[in-house]
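Labels for the chains are A, B, C, D and E, by order of writing; each one numbers its residues from 1.
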């Protein structure tokens, strides 16, 4: 059943959620919006287009502690860090970012060994998806539409939210979401008109215009494979790339990590931290051999990983078209223009 | 969480250390489990590897050198890595003594395809210290319970100098057996060396095993692999019947951390064992 | 108990370290808060060493070298002077009290000066109180 | 009268084409089309026909000197340089990373550059504040005159005046934001080390995890590495996805270096970088 | 993972009084990797050392920490213990709890706490120590001496007499240096030529000395024990292998140039030997003065030379020799006093500098030893002005040390050769030297007038146009003096050679603020330099007189001998090295190293350190941004670990 509340009451809604667990929601920061653990219900702000950093950190934090140990003491005294999670509410996630969770699920908990941290954090969370505003044009660098993700796609959310003027319409998508909504007494039932508006909105969202509209994903994988050895092509498109890690760190679908032992005064923590295929030491072996040293190799890895390898391995592109990589690239490299060019090559 | 957590190592104790070579930088570590359940869970086959873990230093993926037929312990043959700046984990390991306790995560990766090898004649080609998982395979096949499952076994093993050959005692023992043919070669012998001299690819060509019902299992330094593969290909071995094992920098060992891919394959979880046919599908450049 | 600061010293082998020994041989008394790392030349000091010292919880850092012109390696301390000056400015702008970081030229014959400097610096750091800004808290 | 961006672009195209055609250079580092006009990209022209793709507009902020070190010694390169970019080239020449005789500097006088991310005019206080290149072989437009000249260090006053605890809190807040993507060092024309000290694990200079102390170690050390070398182009701050005002710190260090050693970075080819140099009569006062 | 042994010394009560030593050992034994920890009364005693040796064996220790007195005291002692026990000596760490703990506090709590912290730091560091071995190199037997003044001559002879082969490189066409210009030498007043020329001859005759006059060093490569020195033989235009020194050529030659030897007071021929006793006695052609070179015609010398020794086509040639050590003895110049316009040198013919006066006294000089003014008059009053440019904050702060003495010598000679009144204008008299004060007293008795006050100005006398007025403030009477004289002698500062910069660069020497070569240590190593295997002697190090110069020359010869006497040399083990995998090619190390040890390898695009040149200061390691330099024994990880250990408790 569709529920509703008003934007004015957002702090109350937030406060309710905070009573039940941890609330993560967009907050205005100096550099733009970002998800934060909400301490003050009034901070929650839905007047954003999308967040600077993707919400992947909610499930795959940049730093995850595995074990605490003491050097000089036996391994038997090392203590695994247990995750004691409260229920978590991830509030106001755009459909493309929601989609990224389902893609990452395949990697972290859907195939091979299960990553317990990802899985536990996922299980503890309820996701409030939040449709884009269809009357606002997409930002130039976004292209999720191309990848079959609607601007108001509720898939993957537990609760999906659409804004209608000063109102916020909420619908339970999963049983978990539905149950939660019924508990939230401050929500009222929506009218039939609103229900219709909601359904139409979702359909309308599928046709929402973004920059690229012509590609079918399967071809991308094949085509990239074909031109793998065309280093001239890769050199050309990577000419400006700095091989920094911005595009990977802001990407909701980049999952590479490193495991580090960080010790101080013989107290240490083994933890995982984000890593990036753009970094020098990513593939550097102890012998000094490094299979990927040149910028073009690194950028090729990144692009092929997302649009080709990932498709071969998991059957889905590892990109949701959020456009963060392009937007934040210091030299304005547009990953999708490269894919587009590859298709022409 | 920890019991099912693939990132948390099991505690093991170093019960024996063997210095393998005269340069002192390759040692075999025999590890015994400190928890009996861990030992039970640690079911592996030749060709798999594990992450050796030392808190404060890190982890290093190392191929399992012992055979699952050897009960009560697992063995790893480790080279001290890094020429100028020593490798963190391997150097620390080399500084350890028996009784030292470390961590172990695994078994990881795919083994040599044992079922596929059954009933076949097997040529094992090893070079340098990359002989470790081959040793595991040989000992596995030679075990009385298993020997009958496999056809003829030929081992061709080469090292730069006699001092750099691993598992010298075992090599000698195999040499005396009837059910395995062992050919040892060194690039350059010394005064005491009475065996064969010459590079592995050349020896392979000379021995020229017929491809009939045969599988070649090859492990060694990249340069050796590069020249040995064509030899077998020319001898008429099917690409599917030439097997090798790859190495790439890795961290998690379970296909999550994203760094050891060659094309769409992860060396840790899809490999490290690949057939030549599979490799040819992958890009030659990374 | 009054605040007893931990002070990290880095002293060059030829002048300041020897000067410190001289302070000992002449039985001069000074506070025991300073713990000295011996390096061959004050120019060996990497700026990161200083940052790290504060992260490790040093309440003050004292660097000692030969007087300019007397460097055992001719010009080492002339480079060090510039590099450490920049280090100090960086510390200052990052918000650490610049008084917590001091560079002194103390020759091998200046045992008394060594004792004086240590005494005075320890006193100064005491006044400043514990350094918590950079200190890594776990 | 300053030249328009379009005029400069045309000259840049012509000049690049000429240089490539005559074989005077094998590479022209300039700007090319991005996915829209507001997002041009560094562009590497190698064929005379490539020159047609060159653009120059108010969003062409990138410091192309960054790419020079990628080419093998002896490669003849023409590089389009704005004010700070030319200083970067000078600094690189001082550091013997590039040779003057291998370079042709196409000077771009530019006023009113805009930030691609925000679309706003870049406050010249956040950069070196110069409009005309310091060094060039050909100037592809009229020198900019009559625009307000700002001291590059004016912007610091407010921060210098801060109480030290407040300043510490200010920086702590800023550095805590850092996600360690290293865009700052990669965008920096003077950060050409590969590997960077922070990439190394034996010893590990700063923890890899993006926590206060690792971040602090990375940034403070980087500021030190760039002391007397940072040419104040502002690229690091513009590259930073979380908008850390790194330029402030760099400016402060640059100001101090200039005061202590009497030399600004990237102004004269024959200078020696200040921290690998000394004067016997440097004053001990600088340590106070 | 290391097996560390900690040995805490009581040093009788020296340490034990203010550090609880057994508690310290107990504390050590709780630290990770510490296998044994013991305390003992006197660790440095034989039983103490034996205990360490024994424990190394018994506990298979691989790191030793001795917690005792300063490393400057006993590091060597304990290193030997390690070496004798088969452990690399660099695996020793000394914790200084005597000089820097127990002796500087009375408080046993404080002392013990600090000792613990220091020990903990040592344990942290110790784990990361690596064994080091020093490289051994072969040593070349021969020595090069640069500069053929009295210093160079003396050093060459000394070395040659021990049987070593010496290359003596002199830039002029003769050896002898300044001393050859003098008439008499203070304080003994013996004839300079009489004592010098035999030595010059001995050099020429000595079978172990290769004399290379009219030569300059153009390149120095290598390092101690193994220098490759390239020498440029300047074209003489006379083939010395043919010339027999008859000097017929010099008579006919029409070309004229100012005689350097006579300080430009007279001319000499274009083809010339500098002075009659020159060694070698073979002429060279001064290209700038030669009529043929100037006008394309002449060649008179060629015609008269019976031995066909003249060769106008001669070019500079280069030879490279290998030597094990080098002595630099390039001497000094006198300061050019022309810019000091207040003294009128170069303006008034009556103003002379000291070396010109030396030539005037000399019987081989321009006047044949007669003291006359330029216009031939005999001076009636002479003023000698001390400290011109020396001891002067505006010019050279240093004292030139010999001026007082030679001014006295001049006074004496003036008195001897003329009837003039002689006045000394001095700041104060410095006569510290054997027999110097006596010489001073003797001169006072010779009726020389002393005016204590620095000569301030020399001007032309208004009344008598060919006389000069010297102005000064007499600091004894406080009166302003204006003294009319005929001749003024300036005693200019002795300053480094004008080509000091290039010599400095060639041999990688450093200079003090005036430009004199710097010794390694002013007291303990006054003849060595920071460049190993390179020594200095004579005035190039600092102003001094002949006795001191000769003493230094002998000393330098002995120092050089200690090197070339050896077959092999052990090099410093704690040197720096570049990890090429991390080097970004910034060349900072190359720019800063005081010894030129790092060099950039253009092909590999990384820097490399020549360990033979490296002294292990570690400067390069701290300027290396990408932390590529491993400063052995003081590596980044070792220092960082030690700091961590020091700060833990």
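In this text, a contact is a pair of C-beta atoms (placed from the backbone, for glycine too) under 8 Å apart; a residue touches a chain by one contact, two chains touch by 3 or more.
Values in this document were obtained by computation on a predicted structure and should not be read as measured data.
Q: What are the mutual neighbours of subunit A and subunit B in this structure?
A: Touching subunit A and subunit B alike, sorted by label: D, E.
Q: From subunit B, what is the lowest number of touch steps before subunit C is reached?
A: Graph distance in the chain contact network comes out at 2.
Q: Hey, which chain ends up farthest from subunit B, C-alpha centres compared?
A: Most remote chain from subunit B, centroid-wise, comes out as E.
Q: Using Cα averages as centroids, what's the distance between subunit B and subunit E in whole Å?
A: Here subunit B and subunit E have centroids separated by 63 Å.
Q: CA centre of subunit A versus CA centre of subunit C: separation in Å?
A: Each chain's C-alpha centroid was found; their separation is 48 Å.
Q: Between subunit A and subunit E, what is the separation of their C-alpha centroids in Å?
A: Here subunit A and subunit E have centroids separated by 69 Å.
Q: Would you please write down the residue numbers of subunit A that are in contact with two or more other chains?
A: Each of 71, 258, 260, 264, 266, 288 in subunit A touches at least two other chains.
Q: Multi-chain contacts in subunit B: which residues touch at least two other chains?
A: 85
Q: Name the residues of subunit D that each touch 2 or more other chains.
A: Subunit D, residues with two or more chain partners: 194-197, 200-202, 205, 275-277, 280.
Q: Taking the touch rule as given, give the residues of subunit D at its contact with subunit C in the complex, in rising order.
A: Listed in rising order, the residues are 159-160, 164-172, 197, 205, 212-213, 216-217, 220-221, 223-224, 227-228, 249, 252-253, 256-257, 260-261, 274-280, 282, 284, 286-287.
Q: Spell out the part of subunit A that touches subunit B in their complex, as residue ranges.
A: That would be residues 66-67, 69-71, 74-76, 78, 80, 82-83, 107-108, 111-116, 120, 228-229, 231, 255-261, 263, 266, 268, 270, 272, 275, 277, 282-288, 291-292, 297, 301, 305, 308-310, 312-313 of subunit A.
Q: Once bound in the complex, which stretches of subunit A touch subunit E?
A: My answer: residues 71-73, 264-266, 288.
Q: Residue numbers of subunit E touching subunit A in their complex, please.
A: 31-33, 581, 644, 647-648
Q: Applying the document's contact rule, which stretches of subunit B touch subunit D when the two form their complex?
A: It is residues 85-86, 88 of subunit B that touch subunit D.
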